[in-house]
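The data blocks that follow each hold one structure.
In what comes next, chain A is part of two complexes: it sits with chain B in the first one and with chain C in the second one.
Up next, the complex of A and B:
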């Protein structure tokens, strides 16, 4: 019984972090058809800015986290204004934007390496202490990760479903030309989507680094997992990405316990192959997406 | 050559340290002497290539390797360089990558930067890539990959790999050294485990796997039973499933040979949330400041070992003080010392051989290799004396019971998170006694 509780705690913690990492990726793909290869670097930037604000500038933790989230959104906005908007109308946008954002990722990672070096700093945004469920000690940090992910993903869902702003995003995602004819300023909508994705990625980066450490390459592994989650859920499915992330997190923890820790990720990759063969549109397909 | 399973004979620490050799400060003086008695060569700089992981998972070590090289180069140049020729360093980042990254970094240093020798700490990959680069270019290559593959490769084809030297022992000795260590703790009454089970957790790197296998294969011989053999990914931040297995079948000993300091720190943080009565040993990573930074209070009482760590006594203490003064309190002398002493050793051997040859000058570089092969060199991490066929350093006390003839395989325990661990074994280097970790209930 303790083992099952431990698997659920570990799996939900992993899943919550993956969910935040993947929802932003799903959002940009669902709205713009853009697979953002720099998404992992948005995570890294959020984590490093929070670290700098808290540990170097000695700002209160709340302000440091806010600075990290703002930095994620700001880098997203900058990338849109300097690169993405000039490529939106290209016929091969989906392919070229992957190459362009991969270039941005390499550049940003090198800049972080140059500025901070590669020393694995400790993320100060951490909550110490545990509470117990049976014999299993549950860290408050895990609870904080789950609550933060739930609040941010819930807020994003509310934004998309219940506000005029969200309606504009969904309309743009369904048909850009029709949305324009209805008076939606689609380019501004794209900018807003990238900013939201940047903020979500930064939040994911802060949470992930609180369970590990900071390094310029820290976004690479979560980006691969976020991609796996988006493919399994269906690229572009925001709600599906969140649910899939939690399910895969628990599955990875269970595989780690029952079969061995080294099998967790390879089996997830096997799952992607199966999904691509039997359900190319993903488990949640496009109907679930913001395009519904 | 046989591997001793007996604990080292106690040696008088004071007497040994008094007669232990000149060390690296003395080495700079010896080099200055050689320089003054020799006629200066061309005066042109000698480029030493330094292929190490300056980014990625092993960057915490890579940064220390680079600093160690810089410190040694400054001292050597202050002593007149190598026969009047100053040393210039060329660094190349191997990105914590495999053989592809390591090979291209080494090749770039030789072809583009004009390196006359390659000196590294450790790199990832098969630990056989740079030996081939060095052999093709006829240059000396010194490294601390701690890999048995080096010895097998060099002894298998000495005509080709004459220039490659591993200035630390192979990782295979970690197994018997660890088992000897815990056996000795039990036999001397310093520690009474709850049972004889060992939970072994390793990572994806051959170094970690080989050490875990060497413990697994010899455990029964020492009276221990392997209750868990688990392999984790790198990086691993969520240890829940692995810890659940450890807690389900409580072992007397937990051994983590996956050596990334960040991952080890997370292990300790999560282990201590609900600890078992197990003696925890972390392979190498815990010797780095990054581990203590990330783990915080959870670092205390952890045991670790390294076969190339800075020792106590005048030479080690002097080096640590100078290194920390130069690079700050967060620096790790254990990492910096490796390349520091390798470059000093190379400079002294090259000076005695009459200078460094350019790349592809196998005649002169073979003279340097001959000198290296014959040296017994006291440095901050102990004594470098090369096995003549494998061209790797002998281990004390695993291969020799004479501390003046082997590099010490030291076991340390972290007393305070603010300080490096204190050496508890082997004699004569131990400065503190083993203490039972505070999480173990009697």
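Up next, the complex of A and C:
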């Protein structure tokens, strides 16, 4: 019984972080067909800016976190304005944008390494203490992660489903040309989507670094998880990504508990590939959307 | 039509390139420069194979370094555990890489482009972390415990190609010609694939997937064939890398390495035939110069990659062939329609 509680607690915490990391990725892919290899660096930047604001500049934690989220959005916006904007009309956009964002990723990671060094800093955005469910000690931090992720993902869902702004995004995702004809400024929609993705990624980065520590390469691990989650959910399915993230988080915790942590991800990846053999478009994906 | 004429022209180019590279060691004698040229040839070979997949077959594989590492690890493991000479283990490594590619290809290549990219990337990451976290002893070697796949350290100090005994101080010239041979094999294979029947199939699938499918062409089968062939030569290149450096370790999986090879292809020109060689040479020179400006290699590679994707998407070979075309057009009697085929 305790083992199950333990698995669910750590699995849901993992899943909540993965969900935050993958929703932005799914959103950018769904809207503009862009796979952002620099998404992991958005997480890293959010985490480091929060660290700097709180630990170096001694700002209050709330403002530090806000600064981290803003930084994530700002880097996203900058990447769109300097690079992505000029590539949207390319015939092979899907391929070339991955190459370009891979370049952004390695550039940003090197800059962070040069500025902060490789020392694993401790993220100050943390809540100490635990409470008990049965015999299992649950850190308040896990609860904080869960609540933060739920609030942010809920807000994103509300934005997408209930506002005119979200309607424009969904319309663009459905059919770019039709959306344009209906008066949606798709160019601006893309910018907004990347900013949202940047903010969500930064939030994920702050939460992840609060469980582990800060390092220039900290974005790689959650990025790969987010990749796999988006692939299983079906690329571009935002709600599917959230649900899959929770499921995979619990599964990874369970596999890690019974077989050892190093097999958590490999077994998961094997299962994912098996799923894809039978459902090539993912669990929540529609069979092959062809975009021109 | 682009027929065997184009193929012949590229094969003549290959012979010219081989002759050029074969005389280099007679003029360049410093071991450092020869070593750098050996490294250039290794990365050029990896880039050539990746370009076949990425630029021609339309398979966005991010798993090329896995096949490279399989080749390298085969040489390293057979050398350390069983004292097998690299001459034997190199072809073994290439075959193992091809078999691995076949299995991964069957599982992944039915999916569409972005799925393939993400899955191959995830598979490499998984293999990397499994190797790094392995601490179980497989064999004691040189007084220390060595896991089956070498753990975080990898394998080093195994037998090399034997030129150190044979040629003494000039051993690197021996290695040079072995690596050159691998590069030429890899280039030959890429030319035959790109300008042969397989390349024709790729072009047909690219131009109209539906029409090609209606004519009975199985996209997945062509992709798996391309995946296996390129993995064979990438694995062979990895094997010769291990034989030359006497090293095989998980550092081969690092993301910057992948991006550098990617930059070589993009700088040289995606979808070209000779671009990867041009790009590999350009990137090696750039990295060499950058050593004088401090430790900025990764930032520089990232910047160059972004600039080329944005401003020169056809790469250096695109610039060259556009220049050639201009010159040809300037002549009044142009007979050869196929001048863009240079790219």
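Assume the second predicted complex is superposed on the first by the 285 of 292 C-alpha atoms of A that agree within 3 Å, B and C clash if a C-alpha of one lies under 4 Å from a C-alpha of the other, contacts with A are read in each partner's own complex, and residues count from 1 in each chain.
The rule is simple: a residue touches a chain if its C-beta (ideal position, glycine included) is under 8 Å from a C-beta of that chain, and two chains touch if they have at least 3 such contacts.
Here the structure is a predicted model, which means the values were calculated and not measured.
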{"item": "Clash or fit, chain B versus chain C on superposed chain A", "value": "clash"}
{"item": "Partner chain(s) touched by A:107 [first = chain B, second = chain C, both, neither]", "value": "second"}
{"item": "Partner chain in contact with A:224 - chain B first, chain C second, else both or neither", "value": "second"}
{"item": "Partner chain in contact with A:119 - chain B first, chain C second, else both or neither", "value": "first"}
{"item": "Touched partner set for A:98, first chain B, second chain C, both or neither", "value": "second"}
{"item": "Touched partner set for A:280, first chain B, second chain C, both or neither", "value": "second"}
{"item": "Contacts of A:265 with chain B and chain C, given as first, second, both or neither", "value": "both"}
{"item": "First, second, both or neither for A:35, with chain B first and chain C second", "value": "second"}
{"item": "Touched partner set for A:136, first chain B, second chain C, both or neither", "value": "first"}
{"item": "First (chain B), second (chain C), both or neither touched by A:13", "value": "first"}
{"item": "Chain A positions touched by chain B in one structure and by chain C in the second", "value": "262, 265"}
{"item": "Partner chain C, residues of chain A touching it in the complex", "value": "29, 35, 83, 86-87, 90, 94-96, 98-100, 102-111, 114, 220, 224, 227-228, 230-231, 235, 262, 265-266, 269, 272-273, 276-277, 280, 288"}
{"item": "Partner chain A, residues of chain C touching it in the complex", "value": "54, 60, 107-108, 110-115, 117-119, 121-123, 125-126, 129-130, 133-134, 255-256, 258-259, 262-263, 266, 295-296, 298-299, 301-306, 309-310, 313"}
{"item": "Interface residues, chain A side, partner chain B - complex", "value": "2-3, 6-7, 9-11, 13-14, 113, 117-122, 130, 135-137, 139, 208, 211-213, 215-217, 221, 253-254, 256-257, 260-262, 264-265"}
{"item": "Chain B residues within the chain A interface of the complex", "value": "54-57, 59-60, 62-63, 204, 230-233, 235-238, 240-245, 247-248, 261-263, 265-266, 270, 273-274, 290, 293-294, 296, 330"}
